Structures are given as C-alpha cells and as structure tokens.
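These notes open a run of structures that come right after.
There are two complexes below, and they share subunit A, which is joined by subunit B in the first and by subunit C in the second.
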Partner chain A sequence: MSHATTNGAKAATAKRANPLGGLLTWADDRTGLAAVSKKQIRKVFPDHWSFMLGEIALWSFVVLLLTGTFLTLWFKPSMAEVVYDGSYDQLRGLHMSEAYASTLDISFDIRGGLLMRQMHHWSAMLFIAAMFVHMMRVFFTGAFRKPRELNYLIGLLLLLLGVIEGFAGYSLPDDLLSGTGLRIADGLVKATPVLGTYMSFFMFGGEFPGDVIIPRLYIVHVLLIPGILLALIGLHMLLLVYQKHTQWPGPGRTNNNVVGYPMLPVYAAKAGGFFFIVFGVTALMGGLLSINPVWRYGPYNPAEVTAGSQPDWYMGFAEGLLRIMPGWETHIFGFTISWNVMLPGQIIPVMFLAAMLAYPFIEAWITGDKREHHLLQRPRNAPTRTAFLVSLMTAYGMLWMAGGNDLLAVIFNLNLNYITYFMRVMVFVAPVVAFIVTRRWCISLQRQDEARLLHGYETGVIMRSPEGAYAEKHLPISGDEAYTLTARDRDPLLPAPTAADENGVAARHVRLHRLRARLSRAWFAHNVQKPTTTELEEARHHAEHELAVRDDGHQHVSGDYTGDYELDGHAADGHQFDGRHGVSGEELRQH
Partner chain B sequence: MSHDEIARRDGDHAEEPIVNPGMHEHQPRPTDIDDVAGRRAERQVATFFGLSSVMAILFCVAYFTFDIGDEPDLFLGYGASNIFLGLTLGLALLFIGIGAIQWARKLMSDVEISEARHPSRSSDEDRDIALSALNQGIADSAIGRRPLIRNSLLGALGALGLPAIVALRDLGPLPGTALEQTVWRKGMRVVNDVSGTPIKAEQMEIGQLVNAEPGIFFAVDEEGEPVVEGVELQQEKAKAAVILVKMRPEDITPYPNRENWGVEGVLCYSKICTHVGCPISLWEQQTHHLLCPCHQSTFDLADNGKVIFGPAARALPQLPLMVDDEGYLVAQSDFPEPVGPSYWERG
Partner chain C sequence: MRLLTDRLAARLSRGRRGRYAGVVVLMLGLLVTGGAYAVLSPAQASDEAADQSTVDQGRALFLVGCASCHGKNGEGVTLQNGNQYGPPLAGVGAAAVDFQVGTGRMPMARPGVQAPKKDVLYSEEEISALAAYVASLGPGPAIPESDAYDPLAIPEEDREEAIVRGGEFFRTNCTACHNFAASGGALPGGKYAPSLRGVSDKHIYEAMLTGPQQMPVFSDEVLKSEEKRDIIAYLNSIEDAPRYGGGNMGAFGPVSEGLFAWLVGIGACVGFAVWIASSSTRSKKGTQS
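Our next item is the complex of A and B:
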C-alpha cells in the first residue's frame, strides 16, 4: 500500500474504501503479522455437531475466568474467625471464617453476586462435563491417532487439572459440606505410606483444619491451576490449528484435505456466537437453578456433618470407590498400611488415568501403523476400542452410583448394605459384560453396513410371487453413501513371526512380535472388513439381474423365486417413494 | 514384521473399492437467490441483536429495582433480583449468539472450501538443517569435550533442588505426637456440644445419643475469655468430639479390660470415623449401630465399637468414663489410642 506517499483525492478514496488498511499497515510494520495470519484468516474448519463439544469446554472456561474474577472482588480467602452480621438472618451472630462470611456477603449483600456465584459453579460443571464428553468423542472416533497423540495427552491433563481445580474451588467457601470434603482429602493424604502425616501437616500448616488451607487453596485456584490450564488450552488450540481439524469421510473428503467453511466469516460468527450461547445458557442456569446453597449448610465445624453428604458429581466416582472398598488394613512392624483408603483414593484413580493415557500408544503398537490419520472412524468400525471405553465408562458409572449408595437406598427404599455388596461385584462384572456386548454390537453394525453395500437398502416394497412367496425388494444405495461407508481402512492382522527368521540374538524380539500378533488378532480378527472391488462387482451383477425388466415389460420376481410364472402387469421398481422419480402411473396395484 | 512390510500392506489397502465421487456442487439457499428471503433473514438477525440490547437495559433496570438481602423481593418463591438478573443477562447473551449464528447460516457464503493437508513433520531438509545447527551449537559449547563443566553444572542444578524443597519446610510443623493426643484428661467433664452443660448418666434414657464435647471447650479464664478458641478449638474439636450413648447394660458386651469404662450403661466413643475422619452421627437405636454419613462405615457400639460394615478398618476408639463428686460424667483419661483416620506411624 502506498497511500502514505500521496495526499491526492484518489488516495483519500482508497483510504475510505479500506479503513482497516492504515491500522493493519501500522501493526504489520512492527510485528509482521500479515505473514503469520495470511493463511489463518480463511483457515478451513470442517463442520459436525460433535466438534462443538470441546468448544463448550473452551467457552465455559472463559465464563469461569469472567465470573471468577467478579467473585475475587469480594471474596476473602481467610480462615480468621469473625462474627457474621450480614443480611442472612439465620446465621447472624454466629462465629465463622471470613471466607464463609464473605461468601454469604456475595450471596446476600452484593447485587448480582449470587448470580455470579451460581454461574461460576454451573460453568465449572459444564466445563468438566464438556471435557469428559469431548474426550469420549475423540476416543470413540479415533481422533487421538497420529499425529494427534500429544494433543490427546494434553486434553487428559486438562481434564485432570479441571477436576482438581473444581475441588479446590468447592472447598473455598468453608461451609460445612466443603469442610467435610477437605477432611476426607486429609484422610486420603494421611493414608500415604511413610509420608502421609507429614504431607497432611504441611498442607494444613499443622493439624487439620488449621487456618492456612483456604488461602493456600485460593492461590492454587485463582492463579496456579488457571495459569497452567490457560497455557495448556493455548497449546491445545495451537496444535489443533497446526494439524488442522479431523473430518468425517465423505464425497470429496479424504485423508489429504480438509473440507469446510472459512474461519472468517463463518466460524468467527458460529464459534463467536456459540460463546454467547454458552455464556447465556450459563447465565440462565445461574438465575433459575439453585446450586450449592452454602447458607443452608452453615459454617464448617469439625464436629458436625450432614446426612447425605455428596461431593460435586465429577468426584462421585472417587467417592464410590471409597464407599465400596472393604475395610482392609495391614499392620506390620509397627506401621499401618491403609489399603481401604490408599487403593480407592490414590491408586485406582491413577490407574484409570494411566489406562486412558496409554491407550493410543498401545493401539498404535498393535497396528504397527505409522501413517497420519485425519479421517475419523465410526465407533462401530473400531469395535475393540469402542468396547474398551464403554467398559471403562461402565466401571465409572457403577462407581458413580456407588458414590450415591445412600441416596439410592433412600429413593428406592433398598437396603444400603446390599447395594454396597452388589456394587462390589458389579464394578468388576458390569464392565466385562459391557465390553462383550459393545464389541458384538459394533460388529453387528458393521455387518449391517456390509449388507447395505452388497445388497442395497430395504425398499419396503414386498413382492408376491404367483405361488404366494413373499420377498422384499432391495435397491442399491446412493454412490455417496457407498463411498462414505467404504472410506475406511481395512484392519491389519499382523502375522505371527517365524522364530527362525533371525539369528538367535533377536529371540526376545520374536516373543514381542508374537505377543503383538496375538493382540492384533484379539483386537481385529472379528471385525467385518469393507468389501473388495470384486465382491462389490459380483453383488452389483446379481442385483442387476434381479432388477432386469423383460422385453414384455414384466420383471423378474426378486428373491429366490425360481418358478415359471412371471409377474403380472407392471411391477414396482421400488423407487416410487424415495423421490428419484414421480409416482404417476406407478400404482402398485393395477387390478 | 518390518516397517517395510507394514508400508506395503498399507499400500495394498490404499486401493478404494468405490471411487471418490468428489464434492457436491454448491446448492444455493433461498437467501442466495431470493432478495426477499435475504432481507427477511437480515431483519431476523437485526431483531435478535436489537432484543439483546433491550435485555441489557432491562438487566440494569432489574439491578436497581429489586432488593436483595434480608427481605428480598420474591418471585415464585425465589429472590426476584437473582432471577431477573439471570434472565435478562442470559437472554441478552443468547440473542447475540442466536443472531450471529443465524447470520452465518443464512447470509454468509456457504460455499465449501477444500484445503490440502500437509504432513505434520518438517521436510528432511529442514530436519537436517535443524539437527546440524543443534550439533554445531553443542560442539561450539564444547560441552562434550569438557565433561568437568557439564558434570559440575548438572550437579549445581541438581543441588538447587535442595533449597527449593528446604524452603518449603515451614509449610507446617512436624507431626510429632500431635495425632496421638486429644484434650481429654482424667476428670474432664463430658458436656453437651451445644449448651456446654454437664451430663449425668441418669438424665439419659435407654437408646439416647448425645453429641458431646470435652468441658474445656466451654471453659473461660478469669477475664472471661475462652480457654480454647480459634484455630486451636477447631483442631481440638476435630479430634475430641465424642458421642454418649445409653444402652441396656445387659446388651453391652465389653472387652474384659473395658468393663468399668461405662457408667450405668452409658458409653462414650470418639465421633471421628476411623475411615477418613468424618464426624459420625447416624444412630440406630434398636440395633445400637452407628453409621457414618460419608461412606457408611457402621460400628456396633454395644460391642466395643467394632466395624460391622463399610470401608473403615478399625473400631471406634472408646473414652473410659466415670463420675465426679457431683455425679457428672467425666473422662477417666485421654483416649487410649489415636482417634480418626489411620496413618503410617499409627502402628
């Protein structure tokens, strides 16, 4: 742009035509932004509803930052004892911590304070729930495969940090329920072998509850973890932009391109608009749905607890683990090992996380696949993977229910002890059943896809032969659908290596390869592979024969009919009602 | 199987049984070809944005109109301020979102664009340049040839970990024996946890449970100040809270050394669960079972506080009782064992 060198009328017109030009030039002169952004401004993103789940998490995080900042303007992270003299009648005159008193002030004496508190809590729930569902979407569709393994790991880390951040925030108001949560956390920490009591004393600045845990959790909650979250979200987004989003296969959509709409203007409007929708829905929830009414619980008192104490939902599975664990404890050489707390509180949750973290690498090793994958897989086309996550989800769900065993007992009028015994068994049995059922279900769906490809779709047109035999007419599916169904990889089955193919030194490798071959069979052997070109050819030939119309206008009877009779009159070709052509003169019955 | 073989296998499968039909031709929307439809969509979008402004103004009106605090204006039983602030803010935001998305769907170009992907990896050339630059840098530093520098630097960086850990030492005191003791002492009265009044065994009825605390929590010094207060009170409460229960003496089956720990069927147990430390308080009168509301550990108070259900591993610690000169219940001593959740050094 050279408008700076003239002051003529023409240059002035040019300026009016692009008022942004001057500003952009000024910025680019100093930062070179144009080179970085030239490809990003019209960057293409594919469209699918399931790609929106991560977006909910992203925008909820922004809502959390905004509402959280509002709350910090009044919240006092202090455990100093004060006498409450605010607006809430029932608690006036009571001794409580400044943290609890200021939470009451935000709820009752700051206009909009309760709204912001409830929005903050609701968006925290949305944030974690959306991350969970987003992670499931990524897992089920194989979006974690190369080159996106790193982003998957970052995502799991975000989920873990989100849960810790949620727990820290839940503890801050210092009400009876959050104090009970902290006390349970203290019990979990104390169960650590050797270091437990030291960790507890260092956390709480002495004996539980002490007077430092709230200010310490506060700085963790408002600075430390949000800072890490923000950095990791930034990295997550950067990798997404660099690697480009995955897409579903379809006509024109391959592993080598990305088809969709440009960032500016379509996604700027859609994603930007969606931010306002997430924010708006959160505001409606904050205004209309009560959450965590801490004024009802009262200030924290280590000698009190309420019946039906429940953590926030995302802690429910850990709560369930704690509840169904039998009371095992070992006393040895004058020391105590609390398996009843250590296993459910420390070891098993880490094992869940480790299984999720390790899965992409295990699968990649079993397939031996080193290619980049940008096309998503339908869950049915990866039956073992789908079944694996469903079984983990089932275990999670069982534990979640176990975390509410007291509520289940009350609501359904059941024996609490029996529910607990039942859950102790189901937490092992249900995931296995879920695994088997899901896997077979997926394989059945694959068979259905195969049948559609080879034999076409069911028209709903029933043909009767003169002998009275009935058969339903099938017609080929559209080319688009056929392509989409076949746009997937065949599953590799690694052959077992022969032991003699290497010179002695490689014996260990042979065993490793043999394990891999066995796993490969277990993983993929039952899957239905897409038909080959030859199979499709044969099926098409067969179908054409069936649909062929004889010279006299009569049609062969479809199905297995081999009799001598021909259909009387004009047969339906099955296209009457699928919109491929009009229906006039195509009445099914002529006499 | 070598990588080559895998590559070949993948090559075999690259052949697609059905040819890619390619992207569909763009189908124009009504708003693309019909001016009336386009103007209608424009009006719709503008209406949403306009409604959003109205809601923003109504938010301000609601903010100044409705009272909060002691006697808030009620609407459907809820504070009107919160409801109307939430409604107006929520709708103001939602309308912007809906308007923007309607705009994108109806009026912005919906021509699909196909963009080529590139491998995530850098080119071999770039890799070579980066690698040789890295090697050059390392070689120039001579770190490989002068191991003394490298090792002493690594040692120094490692040693920096010590200050980092040591500086956190004052996060809290060492545990010492703090967890093994409570404020209970011989002769300390067992008092009601709300009123602070001492309790006599005959005042309690069979099956009754009383939440109690050590008398010192309600004691005041000569200036009228509480003896135990603030953090210390919270910490001691977390260990010393107890429950008193009265059962028929014939129902109670004490261990041989505990036969004189009760007074007329009144026994005193720690209120702190031995699982992870919740205060226990759900009492089943008929079965003398005590249930923890957090994780449902159940203890039989007639049978020395034994665990009969749930994740707790140890019986509830029992506080030996006796009566003082005036006939009130007092402790014979502190708890004979640490109360609350297990920990490594507990033994």
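Our next item is the complex of A and C:
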C-alpha cells in the first residue's frame, strides 16, 4: 500500500509503504477479517463503573490461567508417600504426600513460586468475589430481563463452576486444611441416603482418603472445569456483544441505542488498562499478604485437626449452615438419614441456586413483562426485587458469620453456643427484616424522586414568614435530571381474571391467574409511579409562576410554606452560585 | 542390692550373731533404699520446699488473696447448688501456682467461665512463696527446672529433629484448640484456648504439666518431658521464623483471608473501576460526559 499526499500546490509525492500494512493486507486477503472487525472495533460500550465488575472477574481469570500454568510446571498431583527434604526446616524428614511436598517446594525452593501460589489463590478469591458483585449488579438493575435471561443463566453456571473449581484447587496441596475440607466433602456425599457410601467409595477409590482423589481433582481442576469455564466465558461475551450492553437511562439514551465509547481506541484502552490494574492488585496482595500458608498446617493426617479450619470464603455459607444445623437424624429400615448434614450440605445450597436460576422467569411471570429491556432500572424502582436480593444477601451474610463463629467468639469474647443459637433464629428473622426495611427504603427513595420532579430540589435557603413560620425554598431540577428520573415504565398491575368473558366463555386456569394477579399486586402495589404528564406540566407552571421576578425585583416563592403571606426568599450572598441552576445575571450583591 | 545386703549380713552374722543383727540389717536396708530414693527420685516430692518460713509467708499471702474462693486451707469452696466456687488446691502442685499466678490469671478479677490472662499482681518472690504453700498442701508437680523446658538445653545437633518432632506433637495434640499458628481458638460455652504467642517457655511447659482451666493435663506419662520441650522448641521456631508469605492477617486461616479478599481486593478493584469510568477521553475528570 502506498499513500500519496498533496496540498494542491506541490506535486504529490509517494510515501514509503508501511511494511505492517502489507502484512495486514496479506492476512486480510486470506481471512477477510477486516470487513468483520471494521464494524466490531467501532462497537460502542456504555461507560459506568458498575459495568466493569464483570471485567474484574474476567481479568482475574486471566491471572488464574497465567499463574496456574506456572504452578503446573512443578506441582506433582500424587498421593505417593515421600520424605520431605526441602528447605523448610520445621517439616524436614517428615513423611508426606508428593502433592504436599511439591507444594512446599513451590513455596520455598522454586524461584517466585510462593508469589505465584499466593497470586493464584488471591485471584481465585477475587474471581469468585467479582462474579458475585457482578451478579449483584445485574440483579439489582434488572439487566437479566429479556433478552438476557440466557446470559444470566450462563453467568450463574460460571459462578457455580468457579466455586467447584476453587474447592478442587483448595484440596490439591494435601495440607491439613485441604484434607479437612475433603473430609467434609466426603461427609456431604455420604449423607446421601442409601447411595452415600457407594458414591464416597467411587469418589475416593475406596475408604477416605485413599490415594486417587488428588490426581482426580487435579484433572478436574486444570483441564475439565477450566475448559468449560473458558467456553462459557466465551459464550457469555459473545452474547454480550450480540445483544449489546445495557445502559443507564439518560438524555439521548433509549431502548434502541447504546451511548458510549467505541471499542477502539477508547474502550479497548480502558479494558486493557484495567487488566493491568487487576493484575497489579493481585500481585500486590500475593506479594504482601500471606494466603494459605500450607507449611504451617502441616501434611494432612486424618488424626489431626486445627482450630480455624474454615473453607475459603465462597464455601463459608455452607460451612455456616453445617455449623448451626441441629443434630437431626432419622432411622428408617436400618438406614440413617442424616438431616444434620443432608439439609445444610445438599438440599439448602441447591435450593439457593434453584431460586437464583428461576428468578428471572418467576419475576417475568408475576409482572407479565415480556418486553425487551436495554435500559437498566435503578434498584429503587424495583423495590420488591431489590428487597429480595438484599434479604438473600442477609441470609448469606448470617451464614458467613455462622461459618466463622469460632473466630467471632475468640475475637469479640462471645459465647460460641450463644452465637449458634442466635444464628439459628437470625437466619430466618434477619432476611425478613431486611426485606421489609429495604422495600420501604426503596419506596421512600421513589417518593424523594417524585418530590424532586414535582417540587424541585431543596436549595437550603430558609425563609421566615411574618408569623414566624419557616419554609425552605425549592428550585426546579434540570431538564436532564428530570428526563433521567422519568425514563422508566409504569408498573402494570395485572387485573384479577373473571370467571368468564363477556361472551360467557369460561376462562382457563382461573385459579392460577388469580394467584398471579394477587402476586402482581403484592409486587407492585406500594411502588410510587412516576408523575403523569399533566402533573409534571402543572408543576412546571407552578415553578414558573414562583420564579417570575416581580416589579420590585424580588421573587415570591412559598417553598413548602402554606401560610397566608407571600415570602421573599433569596440565598445568602454567595450562595446563589449553587451550581444547580444558571447563573447568568447573578452577581454578588455587595450588601 | 539384695545380693549386697545378703552378703553383708552373712559377714556380720559370721562375726557376732547378736540379737539385734536382724534389726540392724533391716534398718540398714531401709536407710539405703530411702537414701537412694531421696537422691534419685524426681523433684516432685515437695521436701525441698520445706523451708517453713517461705510456706508461712505463702500462707499469709494466700489468706489475703486466694482464700475467699479457695478456702482458708485451700480446701475449696462449694456452693449450695453443688458448684465449685474455687476448686480445692491440695495436690495441684507448685507448677500450677507458678502458671496461674505467674501469668496473672490468678487471682481472678471476677468469677467467670475462664480466668483471662492479665497483669501479674505478685512479685517473683511472692509467687514462689504461694507456690511453696500450695505445694505443702499435698504432693503435686513442682516448678520445672529450666533444662526441662528450655529448647536451648537440647543438644545443637538434635535440635532440628526435635523441632520437627515437636511440630508433629503440636499438630496432633494442640492445634485442635490452639489453632495451627497458635493464635488460639474458641471452646464451647464462652471458654477458649488462648493464643500461645509471647507466652514464656516455662509457662507453656507448666500449662501442659498441670492442665489449667479447660486444658487437659499432659502429664509425663502422656507426653514425656522431652516431648513437651520439643513442642516448645517448635513453637519458638515458628515464632522466630520470617513471615514467608507476607502479612499474616492475624493467622486465623481462611476467614481473615476472605475478609481481605473482599475489603482489600474487591475494594481496590472497584475503586479503580470507578476511577477508570470517571476518566474519559473527551471530558476532564469529574464532569459528566
């Protein structure tokens, strides 16, 4: 390729061809990628910090792949017994599995090994935590609504796989903690009625701990799940590109466009830069904060256990369930049903997951909303949904605390038993309280939005009437803000079905529809709907009237004053420049 | 021994078969056995602390500081409902006193499920007087000699092996309550196993020997004296070891790690996300695009 330049006065001169251009042409002639990427590199993404939470997870995953590859070069997934002969004095000469010995070698004898191990572990924690906060954002803003339900399900699947992947990784070093974790996993499997012992024997290749579980988990950890994760992440991103990213409502933003920056150069730079930031944060944590000091735990020995045996945080809620569960058991026909392990270990986590998986469909059914949504909802504008997730988060938080009950007891000088009793109650009560409080809180915020739309914002100018009443001056909000606040739908209440229509044809599924109408009512009835056009027009006229400057140069604004007098309100000198309205013509009054 | 006395008796009896020969032999036998026992037996018998004035001084202190719960003669106080107010002290030994008073656990500031460690109220001299008095109530473990607990008494060439052995003993017997890094842990009903960091070698040894508060007794039959010393050697070695991985966040295991992952890791990443999203190509920071 060659370029010619001319300014019209001089003859055009040929520039030297760019060798890179030649290479790209060569590639394009054979792949035809230019036509595709021409459009894609200009693809627009909206800009908001909350849209970058999933990116933290994505970049953590990249860090995991990089550091994990490093670790595989030295880790030996074998439970064969060896005598440790490395640099860590306190364990030298002990018998241990090869897996544990090689983990010690990575930590003490391989250059950079400990840093890589710690970065791997920290980024695993960040990976799952970032998926959680990303999912919370998606849930709170209603981004899972049509057409994105499928991507929401893929996201949940990623989360579940991430947790399993994390647990497998936690078990690999074969230290005391990972062995204790596997023992609990063994217990959970064995709690399955009738089949439990068979499943456990298949899993461990005999009685726990056996000598096959670590090689098996290794393949699951480095090949099987990462492969599925990678494929699902690819699918997740493809769907994201295909369906376009959701955006916050605002001036110029509609359900049919995306307002933001193009992929190249802006968004690629931002996202690429963010990778280095996530990498840097992980590297700092890996370098400065000790995580999973396996040499302190010692090799796994079924006869040993340590206080402070907890799983990594993402299994903490299951640990909490297990810790607060009363010791219930039933004996039927010679079989023991261990409710004390089966309920917290198998049934309740699956119920949690099922509730999250089913949620978008349940909500769509109750609200009857089958439209496409590309504009996000503010959490306050979906009070019931927001309250639902907050109550789930509260239950999760309670279980977290229950999972760390021994540390709460030690650090805050509490009684371990009382924490358990307290949590047994709170795990039911706290979510209900959280639901009610959050819902009312959201509705209050909706009221505040309505007040801003109809009465303007509070200026902070306090007026006193002749009889001594105080009132605050309000000014109308900007048009942009008013647009943003009103860019939402009214919540449709489903009417109760009648047994037969006007032609006397009996309706089908009446009972189901009646339930749905009742649920829809409970869902929406207390929400504050946005003001109607008439209300907004009225409010505007009122404001114009109040803001009109009279002959004497004063405005007569009443604010929230309801008395008989006309008030003269102006801001204290200097405060008229409040940054909320135009200041042309305003000047310091000098008196 | 028997052979020796027999031969002695034979020679004696050959010389003069007096009426008291048998008695003399018996007395001699008793003397030898008793003397040998006195020389060879462990220091448990409290005869060395028989210094009466020390015991008296200890009793005077005991009556002021301890008797309200443990009884005027250390016999313990039982409440009407059968609960112990203060346990009887006969037989707990000087080591128990040295541990309880020497770490400030006794005297307790108030009744409770467990006596917390606090400032030591008595001087060295007063503690040994109290110990002597309590030891005089009945035989019990004496305050150990420094060779028994000091890891430096382990020969240099055996020390590393002793540390490894001590680690195994520690993980088998101690971590279940005291945590893998000796950070302490919770027990039922408001009780707890305290942190072992910064506790003196002697006090750790005495604690194993006497089993204070909720702790089981690891007598010499359960865990030999040298094995206790191995554990102390291990604890000292991990306390002196560098923090290989960086800050240990309290050494409480995955719970504090999870806390840091959320607060520091996610906190920092979200903070940076806010920063990146607020800086754009066209507008300066802080103004809306």
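The criterion applied here is as follows: the second predicted complex is superposed on the first by the 529 of 591 C-alpha atoms of A that agree within 3 Å, B and C clash if a C-alpha of one lies under 4 Å from a C-alpha of the other, contacts with A are read in each partner's own complex, and residues count from 1 in each chain.
Here is the rule we use: a residue touches a chain if its C-beta (ideal position, glycine included) is under 8 Å from a C-beta of that chain, and two chains touch if they have at least 3 such contacts.
Not measured: the values here are computed from a predicted model.
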| item | value |
| --- | --- |
| Partner chain in contact with A:530 - subunit B first, subunit C second, else both or neither | first |
| Contacts of A:87 with subunit B and subunit C, given as first, second, both or neither | first |
| First (subunit B), second (subunit C), both or neither touched by A:460 | neither |
| Partner chain(s) touched by A:270 [first = subunit B, second = subunit C, both, neither] | both |
| Subunit B or subunit C, by number of subunit A residues touched | B |
| Touched partner set for A:497, first subunit B, second subunit C, both or neither | first |
| Partner chain(s) touched by A:243 [first = subunit B, second = subunit C, both, neither] | first |
| First (subunit B), second (subunit C), both or neither touched by A:21 | neither |
| Subunit B versus subunit C as contact partner of A:227, first or second or both or neither | neither |
| Which superposed partner A:203 touches (first subunit B, second subunit C, both, neither) | first |
| Set intersection of subunit A contacts, subunit C complex versus subunit B complex | 89, 108, 114, 118, 261, 266, 270, 273-274, 277-278, 281-282, 285, 287-288, 290, 301, 303-309, 405-406, 416-417 |
| In the complex, subunit C residues that touch subunit A | 160-161, 163-164, 167-168, 171-172, 175-181, 183-190, 192-193, 234, 237-238, 241, 243-249, 251-262, 264-266, 268-270, 272-274, 276-278, 280-281, 289 |
| Touching residues on subunit A, where the partner in the complex is subunit C | 47-53, 55-56, 89-94, 107-108, 114, 118, 121-122, 125-126, 129-130, 133, 176-177, 261, 266, 270, 273-274, 277-278, 281-282, 285, 287-293, 295-298, 301, 303-313, 316, 403-407, 409-410, 414-418 |
| Subunit A-touching residues of subunit B, taken from the complex the two chains share | 1, 3, 6-7, 9-10, 13, 15-24, 63, 68-70, 78-79, 81-87, 89-101, 103-104, 108-110, 112-117, 119-120, 168, 171-175, 178-179, 193, 211, 213, 229-231, 234-235, 237-239, 241, 271, 275-282, 293-297, 307, 309-314, 340-347 |
